Amino acid sequence: MSVVTNPDAPTFRLDMLWRDERYRSGFIQAITMIILMLVVAWLVNNTVQNLAALGKDFNFSFLWQPAGYDINQQLIPYRSTDSNARAALVGIINTLVVAGLGCITATVLGIIAGVARLSKNWLIAKLMTVYVEGFRNVPVLLWILLTATVVNESLPAPRAFRDLETGAVVATNRGIYIPRPLFESGWLVLLIIAALSIAGAVLFSRYTKRHQEATGSQLPELGNAVRWIIAGTVGLISGVVIANVLFTLLSFTPLEEGNTIIVALGSAASLVLALAVVRWAANAQVAGLMIIILVVPTVVFYFLLGRPITLEYPTLQGFNFQGGIQLRDSLIALWLALSLYTGAFIAEIVRAGILSVSHGQSEAAFALGLRPNRTMKLVILPQALRVIVPPLISQFLNLTKNSSLAIAVGYMDATGTLGGITLNQTGREMECILLLMGFYLVLSLLISLVMNIYNSHVRLVER
Amino acid sequence: MKLLTLATATAVAGMVAATGAQAQTLQQVKDRGNLICGINTGLVGFAFTDAEGNWQGFDVAVCKAVAAAIFGDASKVEYKPLTGKTRFSALSSGEVDVLSRNSTWTFSRDTDLKLEFVGVNYYDGQGFIVPKALGVTSALELDGATICIQTGTTTELNLADYFRANNMSYEPVPIETESEAKQKFLANACDAYTTDASGLAASRSSYPTPTDYVILPEIISKEPLGPAVRQGDDDWGDVVRWVLNSLIVAEEYGVTKDNVEEMASAAGDKPEVNRLLGTEGEYGAMINLPADWAVKVISSVGNYGELFDEYLGPNTPVGLERGLNALYTDGGILYAPPFR
Amino acid sequence: MSGTHAETVAYVADTQYDPEPAPSSSTGPIAWMRESLFSSWTNAGLTILCIALIAWIVPAILEWAVFQSVWNAKSLSECREIIATRFGEGAHGACWAVINERFGQLLYGFYPADLRWRPDTAALLLVVALVPILFRTMRPLVYAMAGLIAVKVVFAIAWTLMGDDGMDFLLSPTTFVALVVGGLAFVFGSEAVKSKWLYFTLAYPLIAYFLLWGGLIFEPVRSSLFGGFLLTMIIGVTGIAGSLPIGILLALGRQSRLPVLKMVCVTFIEFIRGVPLITLLFVASTLLNYFLPPGTNFDLILRVLIMVTLFASAYMAEVVRGGLAALPRGQYEAADTLGLTYWQGMRLIILPQALKISIPGIVNTFIGLFKDTTLVAVIGLLDPLGLTNPIRSDANWNGIVWELYGFIALLFFICCWSMSRYSMLLEKRLRASDRR
């Protein structure tokens, strides 16, 4: 390094601040800093002056005063005499519930619709295009309002069930009632057994994978008879489920018009599903065995322990159904609208992801003799996932933020409690809105964080 | 680029109006040439738009009356539709001059929120409506019911208090707008619908079969609804207060839209009417208004009774009886202080 | 030669046979159906399921929306009576009469009826301002204006025949503006002079401001009268136009090597992206007045415009950042090698390429913003969705739901769908130019 350093350093001139590389960046940053601080000071000063002029103060003590209003959906106990802070907490939990449920269903819907849009079946591809374009191009607020109207107007009121035998699941326009599990002594043992079987299934799948990598054969090599038994079992289980759903729909929901259509659609769906299940199970014995590992011990011990978990069914008492878990109409409308809306976006992301995988990859997979399903699962999706995950994260964020539109259907989320009734009744706009923004900000950052960790996990490791 | 800057500058200058939020509201309104009035975004009978796109309704009429008193022209009003959330901050920040949006006069609003309620233009109370088929005759039979609430006023709190006091449970379904709440109620997504009794009657009038629904006898709260102004500008408060009172007094003395011009043409034999209509004394000057301010008010919107009949009365689809809102001489509690 | 050939080979075809048509099993509608609808049992089942679904839903919708609908009535109850008498008791039909009556309100809000030609003209000029940005020549503008005038003529004739006054509609200021603009575009529409039209685009905000708010020679209109689709357009277009430059600056700031600048930009972007728009609108409607000097009073629409623009620019910044990141490192180095300053390099080398890459994302942000304008209904601004409330509070229309929502959904669908179509067109064009 033979840089000639000038011993008598050049005298500092003012214009060097923005002409000289050495000073420029520091100078610009200092200016930015000063401007920023001035702006902040100005805003704070204005706020203080305005509040003083209105005789208002800025404090959060209202949070510990009684809220005075009731909330219908509460996952933690809450009464109207509890504090505003607790009301806000109830709302926050409700936000988390609808956002969590929405993210799951939106992903499922989006994957189905995205794959279906690429289906060779012309009709399905076109129908999915209609779905995707229809939902993407109409504001989500409008969809939420429309879904709420559909839920309220198409399902029957509880009164319609007065003289009917009702069963496990009841769909009314005040929500869908599902059985509530009642835990009696021994349920913990059962839970541990269930957890153990899950662990066993995971271990089993690892073992088969290693075995397959080592020997190339899927394990265990089973005879045709066993395969068909597995397929039959799985088909039977799904058949029973479908039959149950159909039965529930038919006998407990007095839909007079359209009953025949539901039967027709339901039978067609169950036929298709059963065919698919049989084929899938016949192909993937391992999966079938895993289901057996998962289900059999738990079921056996369930009866051995004397049925420690029973179900409480909803029954019509007075104005409403009592017992069971009520998924309120507002939750369902919001959940459905958000899932359908975000699902349309996710469908596009999935489609783009699949299309981004070079055509040669699927051709190579077919050449190796992989079936379309396995090609999708083993070749296309793992590669597509890297393209899919980052935009998927931002869709989850969007869904969470869009859940703040819950006030349109009367779902009491954080915006409805803290930013709604509490704000209205206390008149503390600044405190409430700042808290609300803080909550959403933290939530968004958390989701980003979790998903970024996952993202770095699936990212292609480059040389 | 210069054009753009210029455009932005002009646009901003055009829209940022410097106003002292605290005092001299009357002078500001006069200088501005119109009254800015906060109203509901839509409430049957009280605030709605007609086919021509004009705001109409019982609350809107208060705005018109104030504008008529100041400018002699009821159309010089700029309407700001406000939601339950934005209404009080819009008033306190000076965005609106007067808030005439079915707001209940309560202790905390009057004191803590720094509002000043100038009077009551409608005495209301919270009630319930249920389908006849439900067989319910009293609110006390609503234990376990699902109840749709139109939020925004004190409705949620009254309901919670009432059910707690009577040791009953209920399932609240809070809805922001009247139209959505009604839709839910008609679909039987709730057993009962609660809001101010006037709202219930108005709502019922629009049901496909109004006779299938009954309003329960219990009124569970006092809801004096009235216009409000900012605290701290008493002169302006006086203007709005006495415009409101003039409507009531006019009804009391039989001054109507049709006969007001005639009665104002010369001093008559009723001293209070003369003082109201400016044919005797300098009452207009005391609140910095023209002497004939009340004449303009009544000739442009009518007296209280006429307003009631036009927007809420039995001949309208809303079909409300006067009830508490009759003059004290007719068995109601409407009682305006004397013009003296 | 041919002789020897003939001796060695037993048979040589000396004519070309016409190819046989493909077997009927692999062409034609039946083959298509077998291929794309019934290729397997599962597929066949799904097809039947879809057909059943369509057969169930579509006729019901058509019956409600078209065959049993009412276009002329004064109130919902009148609608119900007409439907009951015409189609029998218990028939369901749409009451489009509410749209018929409130069409102007849903489009313009409370804008004075005799001044509605001004928003019309502003919308028309918006097209003029957009064409030089969106297309290569001004030719599309000529087609658009010709189309507009043709549509107007058809409607005018139809209305005159029906006994209404159609000439008023035809002889409106918009027709003349369309004629003038279309003519100008026809004469000066080539690719070479297109750039001159951009000056008009630059001046457009000013023109639109005077047309909408009034001032100068126009009668002023208060912004509280703005509503309906006009308000949607104002918020959407301003947000879109304002967010692009701010978004680019933010994206550059986020990429900056100056830590403070970078931190400020990152904080801003992440904050805005982390909170729902609705909370920002609450800030605009209730808190912004606290943050400004005592006594200042902003118009609510202006406050909302500011918030929406800031909101959109944070999203725009992320889209542009994606474009910047996608550029190969060599482009930046090339700019430095040429001795360009930072801004010169950005303007001449980096941004043109980065923006080109991010166009689909930018258009998507626009579509999202346009849809998000409906949220202003929550803070009491009367956009089409907000207007449903006062309309339904009119005793005549109390109880109407689907017709209003359906109409608004259609309005938004048309706008957003055409934007997304345009973005696809652009993507295709870009891909074609990349392939060179």
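Quick notes
So that you can tell them apart, the chains are marked A, B and C in the order they are listed, and the count of residues begins at 1 in each.
Keep in mind that, in the parts below, a residue touches a chain if its C-beta (ideal position, glycine included) is under 8 Å from a C-beta of that chain, and two chains touch if they have at least 3 such contacts.
Keep in mind that what you see is a predicted model, and the values were worked out from it rather than measured.
In terms of inter-chain touching, the protein chains here all touch one another pairwise.
Looking at A-C and A-B side by side, the one with more C-beta contacts is A-C. Look at where the CA atoms of chain B average out and do the same for chain C: the two points lie 39 Å apart.
The geometric centre of chain A is 29 Å away from that of chain C, both derived from CA atoms. Taking each chain's centre as the average of its CA atoms, chain A and chain B sit 44 Å apart. Residue positions of chain A with contacts to 2 or more other chains are 50, 53, 145, 149, 407-408, 429. Multi-chain contact residues of chain C (touching two or more other chains) are listed as 282, 286-287, 289-290, 294, 378, 401. Contact with two or more other chains is made by residues 21, 85, 89, 93, 183 of chain B.
Residues 1, 3-4, 6-8, 10-12, 14-21, 34, 36, 41-45, 47-55, 78-83, 85-86, 89-90, 93-95, 177-179, 182-183, 186, 202-203, 205-208, 316-318 of chain B touch chain C in their complex. Chain A contributes residues 50, 53-56, 68-72, 79-81, 145, 148-149, 152-153, 157, 159, 173-174, 317-320, 322, 329-330, 407-410, 412, 416, 420-421, 423-425, 427, 429 to its touches with chain B in the complex. Across the complex, chain C meets chain B through its residues 76-77, 80, 101-102, 104-105, 109-110, 113, 202-203, 205-206, 209, 213, 215, 222-224, 282, 285-287, 289-290, 294-302, 378-382, 386-396, 398-399, 401.
Residues 32, 35-37, 39, 41-43, 45-54, 56, 257-261, 264, 270-271, 273-279, 282-283, 286-287, 289-294, 367, 371-375, 377-378, 385, 401-402, 405, 408-409, 412-413, 416-417, 420 of chain C touch chain A in their complex. By the touch rule above, chain B contacts chain A in their complex via residues 21-22, 84-85, 88-89, 92-93, 108-109, 112-114, 133-134, 142-146, 151-152, 154, 156-157, 159-161, 163-164, 170-176, 180, 183-184, 187-191, 231.
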